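Each chain gets a letter, A, B, C, D, E, F, G, H, I and J, in the order it is written, and its residues are counted from 1.
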Amino acid sequence: MPDNAPKSADLETFANPAPQRDYDITIEAPEFTCVCPKTGHPDFATITLVYTPDKLCVELKAYKLYIHAWRNVGIFHEAVTNRIADDLIKALKPRKLRLTGAFHAHGGITTSVTVNYSAK
Amino acid sequence: MPDNAPKSADLETFANPAPQRDYDITIEAPEFTCVCPKTGHPDFATITLVYTPDKLCVELKAYKLYIHAWRNVGIFHEAVTNRIADDLIKALKPRKLRLTGAFHAHGGITTSVTVNYSAK
Amino acid sequence: MPDNAPKSADLETFANPAPQRDYDITIEAPEFTCVCPKTGHPDFATITLVYTPDKLCVELKAYKLYIHAWRNVGIFHEAVTNRIADDLIKALKPRKLRLTGAFHAHGGITTSVTVNYSAK
Amino acid sequence: MPDNAPKSADLETFANPAPQRDYDITIEAPEFTCVCPKTGHPDFATITLVYTPDKLCVELKAYKLYIHAWRNVGIFHEAVTNRIADDLIKALKPRKLRLTGAFHAHGGITTSVTVNYSAK
Amino acid sequence: MPDNAPKSADLETFANPAPQRDYDITIEAPEFTCVCPKTGHPDFATITLVYTPDKLCVELKAYKLYIHAWRNVGIFHEAVTNRIADDLIKALKPRKLRLTGAFHAHGGITTSVTVNYSAK
Amino acid sequence: MPDNAPKSADLETFANPAPQRDYDITIEAPEFTCVCPKTGHPDFATITLVYTPDKLCVELKAYKLYIHAWRNVGIFHEAVTNRIADDLIKALKPRKLRLTGAFHAHGGITTSVTVNYSAK
Amino acid sequence: MPDNAPKSADLETFANPAPQRDYDITIEAPEFTCVCPKTGHPDFATITLVYTPDKLCVELKAYKLYIHAWRNVGIFHEAVTNRIADDLIKALKPRKLRLTGAFHAHGGITTSVTVNYSAK
Amino acid sequence: MPDNAPKSADLETFANPAPQRDYDITIEAPEFTCVCPKTGHPDFATITLVYTPDKLCVELKAYKLYIHAWRNVGIFHEAVTNRIADDLIKALKPRKLRLTGAFHAHGGITTSVTVNYSAK
Amino acid sequence: MPDNAPKSADLETFANPAPQRDYDITIEAPEFTCVCPKTGHPDFATITLVYTPDKLCVELKAYKLYIHAWRNVGIFHEAVTNRIADDLIKALKPRKLRLTGAFHAHGGITTSVTVNYSAK
Amino acid sequence: MPDNAPKSADLETFANPAPQRDYDITIEAPEFTCVCPKTGHPDFATITLVYTPDKLCVELKAYKLYIHAWRNVGIFHEAVTNRIADDLIKALKPRKLRLTGAFHAHGGITTSVTVNYSAK
């Protein structure tokens, strides 16, 4: 992982206000950008997170800053989507999580990557 | 819960006209607004309720006033969505209920919260 | 039920041309209007019917006139949707039926009611 | 069935190039028109076919001509949709087939008819 | 298969960065064109690939060039869609794969072909 | 004009709060319905009013009731649109006015009627 | 002009209810079909008429039948659009008229033809 | 004007970075809400500002707070739209300005108000 | 101009059926493809032609073949759009013509080129 | 202007292939990002350029790199849009130019800036 990448510890959390039930939180971040490690050109994506919190929820402002912190990191589509999912799973220990990175078209080709996780 | 929040008892009901069958009622309220307890800035959301009534249905005008009554309450997205679900479950004792709060984007981030409930 | 409401018997039928198989017929009627029994104001809705015919299909012109016949009847959303479903079930004895009344927004609130029926 | 209706034998076929697997072919024909046998007025529909071929696929140009051949046939919505499905099942002997006739609105009423077939 | 068709070996791959989990990669290529072997007229399609990688992912630039390489090949819709799926299955040995070729309308008829594959 | 038609005098007004400038007020009423004088069938339309007030503005609740009052009046599309324009011109004496009645499709035919008026 | 084409005289009219002002009537007919004189294949179009009536308006049912009457006439896009405009100008003597024939795509090519007429 | 209304002086400004040319700035604020002075019910609108700056531009954060400050003010649609325009004209002295308040539907009626201003 | 480019003479014409009036013909061809002379990669565009015919109209099938004939020609966006316009002006001598080439996005950049011509 | 901003000289050009006529080139770049000089947060925009070339056209790859080069520059919406317009006017000396920067919503507020230039 590149040295300038954000860390799971940057994802501040707060106590889930309704741990007695399963419910879903969806967070859509259309302003993700990183850099292609091969060409140095910027990549743009919408990162969509859906998770069922257990004890912790992610704090929205910290999540926004975490997403922004990828801005000058060189990393491929498949790797960064898996890495963001790993960071969130580590920080939140959610019951369930789905993360999608939907990247803008380049060379006439559009790519998206979707990770599903379940604690059970 | 803030003192100025509306109460479950504000949700007037009427007798379900077809208790012999399971059927669904969907109510979409795009004019929900409350206040962020941290920044004091207003938050806006569409609150969508889908429920299967048992003995009681919620009266539409009372529901509208209940939704409006959150206008100056300081409360977070996750908390208010769970609280409205709790108030409706207490007032209606529905067979099933799903409540979604879809909040407007802020800081380039869109959030929605979805609660599912089943009496069984 | 109000005296001026249409009756199940108004729903003319014809013999299902393919009773040997299960298939679905969808009929969308966007020109439904009735009257709120409390305020006297008109209500507007799209009534969507999906059914699997058994021995009988509903005749389209008769169905249109039946829908129009609610024009000056005073009745609530939940009651009229269940009543139209009941009239169709009585007239057609379908294998399956789903009826949705999607009412226009009033007071910033949109409501729809969906009834599901299965003969088995 | 009216004498001027097209026949199943009009549907030319060719050998399925990948019979070793189940896969789906979808063909949308938005230029279907026939005639109402009661009023003589034209009816317009989009005919959508989805099927899993077994040994045979339908040839596209022959299918287009078959669809056009209904142009002056007097037949009801429910009957013609079932008939086209029957003709295709006879000609192709598909593993699975779904056929939908989505007719334009008349008298403020929109109708569609959907037939599902499975060889097993 | 025509001699000028691209080969499975043209599909360069790289090591899956997250083989420990099942996740999906979607690649949409709206700039596919080949030639009708009967009429010589060009055909245009959007090729959509969704797959769950096992040990290998397809390299995006090589995939783009592979798609472009069909430009002057004469081949039917059903055959080319199955062939692209075969080439990808051979090159990637994915856990799951779905490939859809959605061809532009011709003669008023729109066709799409969808292949599903599962390693198990 | 039918006896049961609403009158210009039903259109209550209030004093324009900004008579010092030309500005536009747009009011869209999608719940207009009247009756075809030939067939007795209901007609549905969206009535869109755009006007530049001079001394008077139309009161919204009175306008809504005026629109509803056409519900059981038998009148043709061209006549009712011109009549509503005449009633508004008489009641408001606006600097400019445009009124459109966009009627739902019947017999596969959609009609709209647009009247433009300028005081100068 | 083919012998089986409809005639201007088929377009019944009624007296303009508001000849004292210029106003516009728009009629959209999405169910136009005729036949290509070269290939015999059917053509489909949406015919959109916008006119400012002088002494006469076109009767909607007669216009619908006139549009339907082109069903089996062999005629090109450019010719039929100009001919329908000519028939309407002759029958209505409108102050202004615009007629558009928007034909469905064939061979991957979409065509529309627009005629403008002004009495002055 | 109600005492709790925001003032023109709340609209902070900064020096136009390109006063040598005419150019347009568009600001859309979909989170406007005020209160109906007659019923006490909340009203919601999108306020869209388009202006050509002269010496001054409006500061975005101050504009957002100004828009939010109408939250508990009782004022009609026509009055508040003209008042916001007046406040902006006083604060910015723009070369040109257009302000639209597009209010949510109530009672089945949607209203918008548009003010145009030109310094010349 | 590349040697393999199509020529103006490929554009067959027929006599304008209504030379007595100005009217517009719009032809949209979404299946244009050529090759980038620098990279050799394919470019895709929708070519939209709007013209007012004088003595001649372009024959649709010949126009389609002319558009297809650019398939393997290496030429830039700006040059090919001007060249197609020149070929049409030479072949048709139209009263007016507008030609737009709207190219697919590459490198995250979308380009279109629009040429306007008037005989006067 | 910040030191790390791109320069007009970065905009490579090529000779206009059709200087004998006025025509328009539109280039849409949805992947613009810069940094807010006050908060340090990233801003995102779509930059749309429409120009009539005189002697020179902008080279697309150089333009893409110029747009990307704003990535870490701190600059306000109004300033950067005017600056990009100035750089293009200096490099291309176009007959006409329009440049729009449409920025993503922040704080519930969406902004766009549009510059128009004409050589005459």
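Note that in this section a contact is a pair of C-beta atoms (placed from the backbone, for glycine too) under 8 Å apart; a residue touches a chain by one contact, two chains touch by 3 or more.
Every value quoted in this text rests on a predicted model; they were computed, and no experiment measured them.
Participant: Count the touching C-beta pairs: is A-J or D-F ahead?
Facilitator: Between D-F and A-J, contacts are more numerous in A-J.
Participant: Where among A-B, C-F or E-G does the I-J interface show up again, with more than half of the contact pairs the same?
Facilitator: A-B
Participant: Distance from the CA centroid of subunit F to that of subunit J, rounded to the nearest Å?
Facilitator: Those two chain centres are 46 Å apart.
Participant: Measure off the straight-line distance from the CA centroid of subunit D to the CA centroid of subunit E, and report it in whole Å.
Facilitator: Chain centroid spacing, subunit D to subunit E, equals 28 Å.
Participant: Indicate the whole-number Å distance between the mean C-alpha point of subunit E and the mean C-alpha point of subunit H.
Facilitator: The mean C-alpha positions of subunit E and subunit H differ by 52 Å.
Participant: Counting in whole Å, what is the centre-to-centre distance of subunit B and subunit J, each centre being its mean C-alpha position?
Facilitator: 46
Participant: Would you please write down the residue numbers of subunit J that are in contact with two or more other chains?
Facilitator: Subunit J, residues with two or more chain partners: 30-31, 41, 44, 104-108.
Participant: In the complex formed with subunit B, which residues of subunit H make contact?
Facilitator: Counting only subunit H, the residues touching subunit B are 30-31, 33, 41-42, 44, 68, 71-72, 104.
Participant: Going by the contact rule at the top, pick out the subunit D residues touching subunit C in the complex.
Facilitator: 76, 78-79, 81-82, 105-117
Participant: Could you please specify the touching residues of subunit G with respect to subunit F in the complex?
Facilitator: Touch residues, subunit G against subunit F: 16-18, 21-31, 53, 57, 60-61, 63-64, 67.
Participant: In the complex formed with subunit G, which residues of subunit E make contact?
Facilitator: Per the touch definition, subunit E meets subunit G at residues 41, 44, 104-108.
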